[in-house]
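Before anything else, here is the set of structures, which you'll find just below.
In the two complexes below, chain A is the common chain; its partner is chain B in one and chain C in the other.
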Partner chain A sequence: MAGKRSEHNGAKGWLYLLPALLFLGAFMVYPLFDVFVYSFEEGYHSASQTYFGTGLYNYSYVLHDPYFLQAVKNTLILVVITVPLSTGIALLISVGLNSITPLRNLFQTIYFLPYVTNTLAVGLVFMILFQKTAYSDGLINLMITWFGGSAVDFIDGPYWAKMFVLCFYTIWVVMPFKILILTSALASVNQEYYNAAKVDGTSAFRTFMRITLPMISPMIFYLIITGFIGAFKAYSDVVALFGTNLNAAEMNTIVGYVYDMLYGDSGGYPSYASAAAILLFCIVLTITCINLLISKKNVHYS
Partner chain B sequence: MEVVLQNLTKKFPGRGRKNHEEVIAVNDFTFKIPDGKLIGLLGPSGCGKSTTLNLISGLQKPTSGKIFFGTDDVTHLQPEHRGIGLVFQNYALYPHLTVKQNILFPLENLKGKDKLSKQEMLEKAYEAAKLVQIEELMERKPGELSGGQQQRVAIARALVKMPRVLLLDEPLSNLDARLRLQTREEIRRIQRETKITTIFVTHDQEEAMSISDMIVVMNAGVVQQIGRPQEVYDNPANLFVAKFLGTPPINVFEGRISGRKLYIGEEAVLDVSGGSENSGISGNSGDREVYVGIRPEGFRLRDDGPLGCEFGSVEVMGRDISVISTNKASLNAKVRSIISTDHMGKIEKVCSADGFSQTSYVRFALIPHKVFLFDRKTEKRIAFQADGTKGEEC
Partner chain C sequence: MENRNDYGVIEKKAEVRKKAANVITYALLILWAVIVLFPFYWMVLTSVKSYGAYNSEYIPKFYTLSPTFQNYVDAFTTVSLGRYLMNTAIFTVVTTAIMLVVITLAAFAFARLDFRGKNIVFVLFLSLMMIPNELVIITNFVTITDLNMRNTFQGLILPSVTSIFYIYLLKENFEQIPNSLYYAAKVDGTSDLKYLWKVMIPISKPTLITITILKVIECWNSYVWPRLITDDERYYLVSNGIQEIRENGFGRENIPAMMAAVVVISIPLIILFLIFRRKVMAGVARGGTKG
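What follows is the complex of A and B.
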């Protein structure tokens, strides 16, 4: 009887899970699996659903494609620069916000504004700030020339200038969310720990390093993981800044490359796109695993 | 280290539109805490006892008044320069550090000439750990310890720098009843061994009574009475102190003094006369309305006793019995009296005599020194002397 009963309950449980499973299966698992399959099918054509053969040729093509290599390089630079910088600056700002009482809400709101602003709108603003046009050199260049430097074309100019704008923009866009998370994490640290530290004569720096940081480490870790993943998936920001012809601008990202492969050149190459997507998946997975390994030692869950 | 509070006052500004009146958490405290004693700050929640502790620790600054440790004026010193150890109510152990790291933490902050070598720090940490008997837990994290063990670690961390004054904020409130009993003995032992002046805050009068050398009873930011626990219990200065100390609590009646007799309701229960010149009970001019406080152990069951109460029920506690009855003049809903089990027979007679269908009465004689009189208005104690032996027994 008991066995039958639990079996019955098991079926009920699956029934409850069914809606979620259906959606996840149809829109997540199946496409993932499909992409995986496509990546091994050479010359797959989505309209005719035909392909020539199977093998690793797609991967070989993508890995030898200079545009892909450029995209990987761009993405990696973006990730390596923006994730630590944005998290670090966000931490500084949060600590600052946490230690002032007057106007804290006002500042919090101001810092949160970019989060609720449309990416493309922000991209346009950045273009106005940085782009050289026939009429003006852009606000930033105006300032550079003021201080005696020579104007640089940030949007169509040298590679480093474009990368600078992209990183600057990315950091600016991801910051609000991080500040939001970190200020609430800081506020949730029990005041008693600080009182205890104060009674023991702990210096402010040591309090921060030995108490505050470990206490909010789970949140920092969360931000780093999602920051890495988010930066690897960068695309819309790049389009907002540099337009759609990213390969020509040398500013493509991996996701941009996948998109171009899918829809670019009238018809596209779904097989190459799939292979590139799987490669991106592998990179993100590897980085996340490394993150998790590092975090085991340094993140303290209470 | 002797701790002296001088006219210590702490006011908190009112917040918001509704309560813009400032709150006086600590009102003009002046008292001296002798060296090497264990002192309990006792009072109901919100009476300002934690604020007092925070003022002594330096985590809060007094609005006015002074604090001395011995002869040093520490009023304006930062907490770290006062030489105090503080144990927080929730222990505030750093959860990401091991017990050892937690105990070492205060030592690692020492700078300049006080700086210790690694070896010295470890020695001190183990010394403190040994004192509170947690040597075998040094490598664990606080999350892996029981409440009582965490408490010990917190005390070890507070003691490791050999503070001049040890402060404990509600040290037992997070422990279960059995552990509480054990831990308070521990605190007593540790205090005796280290001879560090220790001040602890509690709302539990039993806790304060059992281990303190001296208790400071507080209410609404005002010190009510200071003294040795038994003294305060036997000689409460006012109605609040009488009510606050003792379990079960004291029974309070509305009474009056008329012609050197104390009346509760219509019954004259004690013959009284002035205990001192200014007590105001002398001759007929001393007739007045009073509150009568009678400790539960101040009742004696006697068939011809002067105080009659409607019998309610009996609780047998093993060692003694509580007789629960009601009296019209009583301010408590129930009059609770504790009598020894020798009188069980009498109680059974009361129970069986009339049955439960109708009201039965119990009569009590009173033990005079368990009876306190308080002024109706000021609620201050009125000293009196019981005449004759009407109430005496046993």
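What follows is the complex of A and C.
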């Protein structure tokens, strides 16, 4: 009887899982194998549906493509600048938020707004704020001239100006998540530790370094890891600022390179796109592992 | 006497320091609030400036004395903003609805039913969570193209109707419902599906609402997949629509009309967020990242 019921249940369990299995199989498991197949089919093109051999040529092509190298450079700069900066500023703001009571909810609500906005749409606002056109220098340039600087075109101008806007916008976009995570981490630190420190007359700075920071270190590392992963996959915010022709703007990212290879004017090469995507995955995996190793040494898990 | 004075001085000093710290804290918080809010202010402001006024301002003005709604009219008449919004609404509602059914069934199977291989499948599911979208999107693009589903809603929707993370979240929630309820229902002869519908779903409503909101946000903002799969303007979602408007719409640099479109696109989610503020923030804290 019992055996019969569980057998009956067995078929049923799979039945309930079936839709999820079908969708995941078709759009996740199969593509996962297929992407490796593509990456070894040398020079495969969607239009001709032919390739000239199997091997590592695609990888070598991608690694020698100046556009790819530019994309790697851009992505690395973006990662190195935005991840520490955004985490640091978010920590500062969260500590500030945690130390006040009036208006706290209001600030929290405001800070979260960028999370629920369309990256492409709001990117256009940043574009007009920073752009210098024939009609107007734009608002940011106006402010620069107030302080005695000279106007720069941040959207079509020099490389570092463009990189600056990109970093600025990226930080603006990722802050809500970081502030949210850090404020809840700070709020959950046991108040008794602070009371003990107060009794001992410990300075605020020392309390922060010796109590707060170690207690929230797991969350900081979580944010650094997700920040690295997110920044390596930067794409839509770049498109929002500089348009879809990113190679011409010298602002392409690795993910942008993958999509350019796949689709659009330079597209039709799933083989090169796959090789680039796998290279990206390897970079992200390596960095995540390094992060985890470092965090094992430095993070205090209570 | 002297002693008492000392205490007074120390207390005063401490108070001054506290006040100074407070001022710095508020200054910092207000500064960031301004940085966050300013782009929103600027987009609304620009959207109510007339085309002529905007283009004659070589030095941009921080206010306008003659607001106009003409740009909003233009946004709906000159370019197909209405259609983009409609498409996005259809895409969002259908994707979210199908996903809710798929993940509820799967979570129920994992949480309540016994079958051979359940644990292995669950571990496989969890390991798939680590696969980045960029790795599978290439083949999906080819699959959908081969199925002739480019520029269709099926092509847009099908690859985004499962989420392992949400299955996991819901399964955890389902498992908190006591077993005794399930066996009681079994004794009464209630079918599994009815039990799921009448007991588990109502109890898990808060989690389901959170999942729904997060999925709606994700759908409304999705850009990459719709861009790959649609090149016919009739199927554009808002993200692609705004990109199209930027590159080809409105003729020469009609930025006020563009900003009107941006405002229209941004408002639905901002309203949704303000209504469900706590749920959205709690949901994101539990496992959302942007993208």
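Operating definition for what follows: the second predicted complex is superposed on the first by the 268 of 302 C-alpha atoms of A that agree within 3 Å, B and C clash if a C-alpha of one lies under 4 Å from a C-alpha of the other, contacts with A are read in each partner's own complex, and residues count from 1 in each chain.
FYI, a residue touches a chain if its C-beta (ideal position, glycine included) is under 8 Å from a C-beta of that chain, and two chains touch if they have at least 3 such contacts.
As the structure is a prediction and not an experimental result, all values here were calculated from the model.
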item	value
Chain A as common anchor, with chain B and chain C clashing or fitting	fit
First, second, both or neither for A:Ser203, with chain B first and chain C second	first
First, second, both or neither for A:Phe27, with chain B first and chain C second	second
Chain B versus chain C as contact partner of A:Phe164, first or second or both or neither	neither
Touched chain A residues, chain B compared with chain C	C
Partner chain(s) touched by A:Ile211 [first = chain B, second = chain C, both, neither]	first
Which of chain B and chain C A:Leu17 touches, first, second, both or neither	second
Partner chain in contact with A:Asn195 - chain B first, chain C second, else both or neither	first
Contacts of A:Val35 with chain B and chain C, given as first, second, both or neither	second
Chain B versus chain C as contact partner of A:His300, first or second or both or neither	first
Minimal inter-chain CA distance - chain C and chain B, angstrom	7
In the complex, chain C residues that touch chain A	21-22, 25-26, 28-29, 32-33, 35-37, 39-40, 42-43, 46, 55, 57-60, 101-103, 105-106, 108-110, 113-116, 118, 121, 125, 128, 131-132, 134-143, 145, 158-159, 161-162, 164, 167, 192, 217, 220-221, 223-224, 227-228, 238-239, 242-243, 246-247, 253, 255, 258-259, 261-262, 265-266, 269-270, 272-274, 277, 280-281, 284-285, 288-291
Residues of chain A defined as touching chain B within the complex	190, 192-193, 195-203, 206, 210-211, 214-215, 217, 300, 302
Residues of chain A defined as touching chain C within the complex	6, 9-14, 16-17, 19-20, 23-24, 26-32, 34-35, 38, 46, 89, 92-93, 96-97, 99-100, 103, 107-122, 124-126, 128-129, 133, 135-139, 142, 172-177, 180-181, 184, 204, 226, 229-230, 233, 235-236, 239, 243-244, 255, 258-259, 262-263, 270, 273-274, 277-278, 280-281, 284
Chain B residues touching chain A - in the complex, by the definition given at the top	57-59, 78-81, 84-86, 88-90, 92, 94-97, 105-106, 109-110, 143, 157, 161
